[in-house]
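One structure coming up, written as structure tokens, with questions to follow.
Chain nomenclature is as follows: A, B and C, assigned in order of appearance, with residue numbering initiated at 1 for each chain independently.
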Amino acid sequence: MDQSEIKNILEAALLAAGRPLSLDQLVGLFGKRSAPERQTLKEVLGELAFEYKDRGIELKEVGSGYRIQICSSMSDWLTPLWEERAPRYSRALLEVLSLIAYRQPITRGEIEEVRGVAVSTNIVRTILERGWVRVVGHRDVPGKPAMLGTTKRFLDYFGLKRLDELPSLSEIKDLEDLNAELALPEPSPQSGLLDELEEDSRELIEQAGVETELPDEKGGDVVSLAHPEVN
Amino acid sequence: MSELIGPRKPELKLVSTAPPVTGEAGLPAQDEMPFAVVEGEPVTELPRDLYIPPHALKVFLEAFEGPLDLLLYLIRRQNLNILDIPIAEVTKQYAHYIELMHDMEFELAGEYLVMAATLAEIKSRMLLPSPVASDEDEEDPRAELVRRLQEYQRFKEAAQDINALERLERDVSQATAKVVERRVVTKLPDITLKELLIAFKEAIERSDMFTRHHVQREPLSVRERMSQVLVSLESKKFTEFSQLFDSAEGRTGVTVTFLAILELLKESLIDVVQSEPYGPIHVRVAKGSESQEAITADA
Amino acid sequence: MDQSEIKNILEAALLAAGRPLSLDQLVGLFGKRSAPERQTLKEVLGELAFEYKDRGIELKEVGSGYRIQICSSMSDWLTPLWEERAPRYSRALLEVLSLIAYRQPITRGEIEEVRGVAVSTNIVRTILERGWVRVVGHRDVPGKPAMLGTTKRFLDYFGLKRLDELPSLSEIKDLEDLNAELALPEPSPQSGLLDELEEDSRELIEQAGVETELPDEKGGDVVSLAHPEVN
């Protein structure tokens, strides 16, 4: 076996393993009879390391062996890969935020009065951190509760110049079918796989036969529904 | 090679007997012990053309994926054309298997029995003499069965094809390199204005506010300005009244600010002080209403 | 940014992600302003694929994007790395899967009709859990049975870009066309019949042992014992 073949095997093994491989483990790939010298393997590893120069990956020897790793110079480029999507905001948060927008300055207690339930500290913290609301003062009643108001960032986020660009109550009231058009974040039911996507499916039945791609929630996308049958 | 190419229309002849089995010499002498009992009679010998080593029978039967699979096997094993099944013979063999399975107390799926009945029915239909006149239109009683067999066979083959595809875990694996520095960025959820409006609508509807307050044009700009005035007041002790107005905003802006101040006053959120008639008016946050520095998110 | 830099980033990303990345995701690595044309990325991917020729790895396009994978020619060499053997799937499961793949959307009842036998709940659960299929809707008949379809993950797993890359189905022959096809084989040779049958059943038993995953402490290992020949 020539060195380039050995190199291919070592590279494949290191990229397949997902963990560092010791020299012994690398030798072990070749079976007892045909195993190359350890020295040969080291040389080949050296070649591999050399080939990775000026690339985004490098061969590195760590405590438990050799591994192929991503160069740290790449990490800025790769951040989009690890972007996590925070869970959607709850209905409660949206209500609190909307009440602050329409009734500011408003205290937490006043929000609770309207909603009839306690406002969780988490919600308040989230919208404060997001920079959408701020404390604009304190009401002069026992406890001196903070009054909340919206910020410029809130307006920017929703593309409003001024707050009065928000529709009035009567305008909102007319939006009877607003609800139907919009998939609002509901507490997502932990249903079984089978029940999942039932909603999507109605739509799908209508479109059946047409090539369709559904957004995937968990299991990956449904691919083309077009009949793959070839006669 | 094939002088057997037939006339245009297949001749539906009945093959009533099994292909003659000769060469019995090769039969292993395993038949001393009965391996099955049929209607009280010990069976020491399987039908020759069904010979399976007895110890393997169970595995053999388990290997079938249902009656269609078993039928396909019988047909293929005899090198018969699926389009010209000698129904009588196949039925006979099939029945043998069913019997065997039954005798071995092999858990027999109902589908196998349904198939037996189907075969028997086809067989009897083929035995009936068909009127010569309507011969042309008469559908071959085997047609439906043949269709099902073919249909099943295609997917049996498709399954093999899929099994032969190069697949993860078995044939290939995802190549990965270690990421030493992984910066996780959390993307904050987005909301739309519509969602916000719906939330508001529902909160308000629940709270009955529509009925109590009657629907009115909410002076939102006043509300917003109330917040702004409060914030601009928070740092200083007294602010001159006139400083709260921005003439660049024009008449409407001035009016809004004025209304906001009145509203704040009404809610006792600010104090307005005038030390002498026609003197400068000063405004300050009402005692106890100052914002604590702690949580200001935006300026 | 020159092409070799782009290539380094793409290679690093594909190796870092540990999953296929779509062209959109690859474009997304470059931010909005500096993103290269999609066409450029495709070219670079082509170069990358070319560089991997004669190596133990390859660039493959599958359902949900591009991935770098270890060539199947390497898999014998790498068996010492794996503690577990790759899962095997029964004939029944593969038949059900192929029916879903070729006939989607399809209900369980329709699968049973073709196979002439009940579909076990275990099989359905397994393919759902593997994310190969999912419920894409419900048939508008009594009982509203779920209709199943395959996912991108199915394509990924079986190394397919699209469903139409599946091998084509065999034809159904009409009984009417029988005579055209009726190259009836010679009556089966009687002499060797018994041997033939024995062979048949042996084959079947072997198949049964392998494919139905009978606990095969001994028989199963035989396959993996074969060590790749070393030249």
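Definition applied: a residue touches a chain if its C-beta (ideal position, glycine included) is under 8 Å from a C-beta of that chain, and two chains touch if they have at least 3 such contacts.
Given the structure is predicted, the values throughout are model-derived calculations rather than measurements.
Most remote from chain B, judged by the distance between CA-atom centroids, is A.
Here the chain at the heart of the structure, going by C-alpha means, is B.
Separating the centre of chain A from that of chain C, both taken as means of CA atoms, is a distance of 28 Å. Chain A and chain B have Cα centroids lying 23 Å from one another. Our note on geometry: chain B versus chain C, Cα centroid distance of 18 Å, whole angstroms. Multi-chain contact residues of chain A (touching two or more other chains): 12, 15-16, 18, 57, 68, 70, 78. Shared interface positions of chain B, defined as residues touching 2 or more other chains, are 173, 175-177, 179.
Every residue of chain A that touches chain C in the complex is listed here, in rising order: 1, 4, 8-9, 11-13, 15-18, 21, 25, 28-31, 33-34, 54-57, 68, 70-71, 74, 77-78, 80-81, 193-198, 200-202, 204-205, 208, 214, 216, 218-231.
If you check the complex, the residues on chain A that touch chain B are 12, 15-16, 18, 20, 57, 67-70, 72, 75, 78-79, 82-89, 91, 94-95, 97-99, 101-105, 113-116, 128-140, 144, 146-147, 149-153, 158-160, 162-164, 166-170, 172-173, 175, 178-179, 181-182, 184-185.
Across the complex, chain B meets chain A through its residues 173, 175-189, 191-204, 206-207, 209-210, 215-221, 223-224, 226-228, 230-231, 233-234, 267-269, 285-292, 294-298. Every residue of chain B that touches chain C in the complex is listed here, in rising order: 1-2, 4-10, 19-23, 26-27, 48-53, 56, 59-60, 62-63, 65-69, 73, 77-81, 83-84, 109, 111, 115, 140, 142-143, 146-148, 150-163, 165-177, 179. Across the complex, chain B is touched by residues 12, 14-19, 57, 60, 67-72, 75, 78, 86-87, 89, 91-92, 94-95, 97-99, 101-102, 114-118, 156-160, 166-167, 169-173, 175, 178-179, 181-188, 190-198, 200-202, 204-205, 207-209, 212, 214 of chain C.
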